[in-house]
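To keep things simple, chains are lettered A, B and C as they appear, and every chain counts its residues starting from 1.
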Amino acid sequence: MKKILKKLAFALILLFLYAPILVLIVYSFNDSKIMGPWAGFTLKWYVMLFQDRYILQALYYTLIIAVIATTVSTLVGTISAVGIYQMRSKLKRPYLLLNNIPVLVPDIVMGITLMSLFIFAGMKMGLTTIIIAHITFCIPYVILAVLPRFNRLPENIFEAALDLGATPRQAFWKVLFPEILPGVTSGALIAFTLSIDDFVISFFTAGNGVSNLSITIYSMAKAGINPKINALSTIMFGCIMILLILINIRSEKGIKNIQ
Amino acid sequence: MKSFKETIAYPYGLWMLIFIAVPLLVVIWFSFLSNPDFKAGIYTFTLENYKEFMDPVYLELLYRSFLYAVIATLICFFIAYPLGNLIVSLPGNRQNLMIVLMIIPMWVNFLLRTYAWMVLLSGSGLISQFLGLLGFRDVSLLYTQSAVILGMVYNFFPYMLLPIYTALKKIDPDLLRAATDLGANHFQMFVKIKLPLSLPGIVSGSMMVFMPAVSTFVISNLLGGGKYMLIGNLIEQQFLTLNNWNFGSALSMVLMTIIFLVLGVARLITGKELDTGGQIL
Amino acid sequence: MHQQATNRLINPGESLGIFLLKFIVSIQSYRWRIYELKKNTEKIIQVKDLVKHYGDKTIIDEINFHIRANEFLTILGPSGCGKTTLLRMIGGFETPDAGDILFEGKSLVNIPANKRPINTVFQKYALFPHLNVYDNVAFGLKIQKKAKAEIDTLVQEMLRMVNLKGQEQRDVNSLSGGEQQRVAIARALVNHPQVLLLDEPLGALDLKLRKNMQLELKKLQKKTGITFIYVTHDQEEAMTMSDTIIIMNHGRIQQIGSPVDIYNEPRNAFAADFIGESNILESMMLKDCLVKLQDVEIPCVDKGFEKNESVLTVIRPEDIEILPPGTGFLDGVIESVTFLGIHYEIVMNCKGISWLIHTTREFFAGDQIGIQVDPNNIHIMKKEHDHEII
């Protein structure tokens, strides 16, 4: 009896979480503008999607911004983490406090503060401002992912490398870096995801010319229901599933290699 | 490891000052100005903006934001806590599978997730059709208060689940066995052991839901049709539509204060820093 | 040597060729003996007036000593005595505030750790988790850019020496404590350093394994001829392995000597108390070779103290002979008897003072006994304000 209830509970939750997404996907093939009764199968919304200049441009911008923001924030974040690890605590505390602000503060506040800065400085809002904004909110997450790795280093490991004849630089690359690498990769992954998905901060810092995917969807959704959005959702969801399957295969392969 | 200087962290320190500290200071400064045309170089220090906020219209708005966020947090908690317990009782690999399944929706774009409920709740949507079958005609749940709260719950539910799950998982099973050994029944075990030990996770999760919920404007626009303005909507309106940056800045300061107050309370309850369940990442 | 050669010369019937051959050989082996003697007394490391502070605490307080080549030296002392700091300064991971460390006559202090002909085995092994056993051991050789074939030979030889042959591909995180220990040793030794530093490497191992490793390390040192500098707080360990022991406390050297010397002739109460177990008693030196303790006058063999000087008397538990009451110089009542396998440990109470006695004979709590100690086994030391009797 208990087991049945358990399974029912899980089923309900999963239904609650996935039903909306599945509905989106199903209706993306519905030959009707309203998400009501089924009116026949069609791919026309997908065709219209790929013909929509604004959406394609938004996709382009989204990817460019994400790639640049991820690269810069991973590099800067990792290098800074090395420096933070050496810091005396008097400097470390305010430094990390400042670093945590983008994490703690709501997106809307980040958005308007950055927008205020740009206007105040007389900068024109565009690709540059949005990239700056993305870098600003990505780096803290990279640091939060990399810094703990330093604290978990095996004891004396850097000294052991020196003891065996390595220069400090060699010791860093051959011994320290492999140990912090998992943190660097997960930081990069988080940064990339945050950047692709960001709406609020981009909304305030993009200006009129630039738009990312989230902003475009928002504009379209505000106008009402639009099956093109359904088509876009399906494709994006499909990408996520493919990514997940790939990761799964890779980790299975990894396990097989060890065996 | 004295071979690396802390100076390599200085460039980012400078970046933070320019793009985190200064913007905040600018907004704080704006909130105390009454002259929107700062280019003219005339600044008058004033508390006008904050006084304006004291208007019952705005206070009601603040109250509404608070209320919705609290309701959403509570709903999330009452679903996530039992669910977390259920998941912990699963065998190891099934646990991971369940958690991953719960997390996948998080990877779908926030706007798409909100839009999905627009679809479901619309006048011709599935839920309306379903209700129609039951005899309720012409009911659209879209553009209602419930829709907004539902949107909040749907979007932020995983943020409540993860820290709670992590906290529950960390409880050493030996503790529960010891409690049973000493005579505790299920209820006592829950109240005296599970609840206190998972409290940090509960507080974390609640923060992670409350903060975005209280400051959102997307959900109230899309699912509420703009009928139920929240403080986030107000701020957006002041900055982008009405060009009233001074008042908008004051509002932002109010929002920030609320956030930090709530964070402070959370810190008091748990006595330590927020654990965002990031280990899963 | 010369005498033998000359005697053989006188022996008739030896052909001239054989005589010449034997003469040359004897000269060569004579020269070799002299070389060996010289090598063994050669000072490889000298520490001069070394000082180190941490804030306002003095960790190393002006110490001086030298280490001979090819010896197994142990620095022994309680936690916080400065022994690890001393080791780290020799290794190059800390810089002294004053004084010098000389290696074969040349100052080491300004040479960074990675350029010193010294390798270290760390307390927690510090193995590189992302490399397997082979790559860990080969690390130093690869830094030196040695040829792959040479590296392979050296690594294999070293793995064989530490009994890890065949384990090259293993993940170091999956190794047991003892195995990780041996990888750490191999990784250090494969570079053929002139000096090997070991920072309490056996602390994390269980007793039996520790004892085995102690013997292994001793054998390794003898075989490779490398100077070992070993740091520990375990006096038994120090006694087992060392050629020379330096006892440290509060950043100062208490005594330097061979295990036998330190055990038999502790220089002060700290050394006496730290090495082995001892009875340390307040007493008064009446005159040369006569000490008074617990109101009894006892003959001993130490001289050179002032008349009626207040001193400490040190007597080892195993040097105490148990006799029927009244026949020894002191009487007492047995408080407790503990069977330790090798011997019984007896605590005897004599007028409020507890005496520790080791004996192989069985006694029981409550027995009345007398004790006697041979004068040669009674050690008198000056009272140093440093030391508390525990």
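Rule of thumb we're sticking to: a contact is a pair of C-beta atoms (placed from the backbone, for glycine too) under 8 Å apart; a residue touches a chain by one contact, two chains touch by 3 or more.
Only a predicted model underlies this, so the values are computations on that prediction, with no experimental measurement involved.
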Chain located farthest away, centre of chain C as origin (C-alpha): B
Chain nearest the global centroid, as defined over all protein CA atoms shown: A
Approximate Å spacing (C-alpha centroids) for the pair chain A, chain B: 18
Inter-chain centre distance, chain A versus chain C - centres from mean C-alpha coordinates, in Å: 59
Chain centre separation (chain B, chain C; CA means) in Å: 63
Multi-partner residues of chain A (each touching 2 or more other chains): 159, 168, 171
Chain A partner contacts - residues on chain C that touch it in the complex: 91-93, 112-115, 118-120, 122-124, 126-130, 139-140, 143-144, 187-188, 191
Complex interface listing, chain A residues touching chain C: 154-157, 159-168, 170-171, 174-175, 178-179
Touch list for chain A against partner chain B, complex: 6, 9-10, 13-14, 16-21, 23-24, 27, 34-37, 76-77, 79-88, 91, 95, 98-99, 101-102, 104-109, 112-117, 120, 132, 135-136, 139, 144-145, 158-159, 168, 171-172, 186, 189-190, 193, 197, 199-200, 204, 213-214, 217-218, 221-222, 225, 229-230, 232-233, 236-237, 240, 244
Contact set on chain B toward chain A in their complex: 1-13, 15-24, 26-27, 30, 38, 79, 82-83, 86, 98, 101-102, 104-105, 107-120, 122, 124-126, 129, 154, 157, 211-212, 214-218, 221-222, 232, 235-236, 239-240, 245, 248-249, 252, 255-256, 259, 263, 274, 278, 281
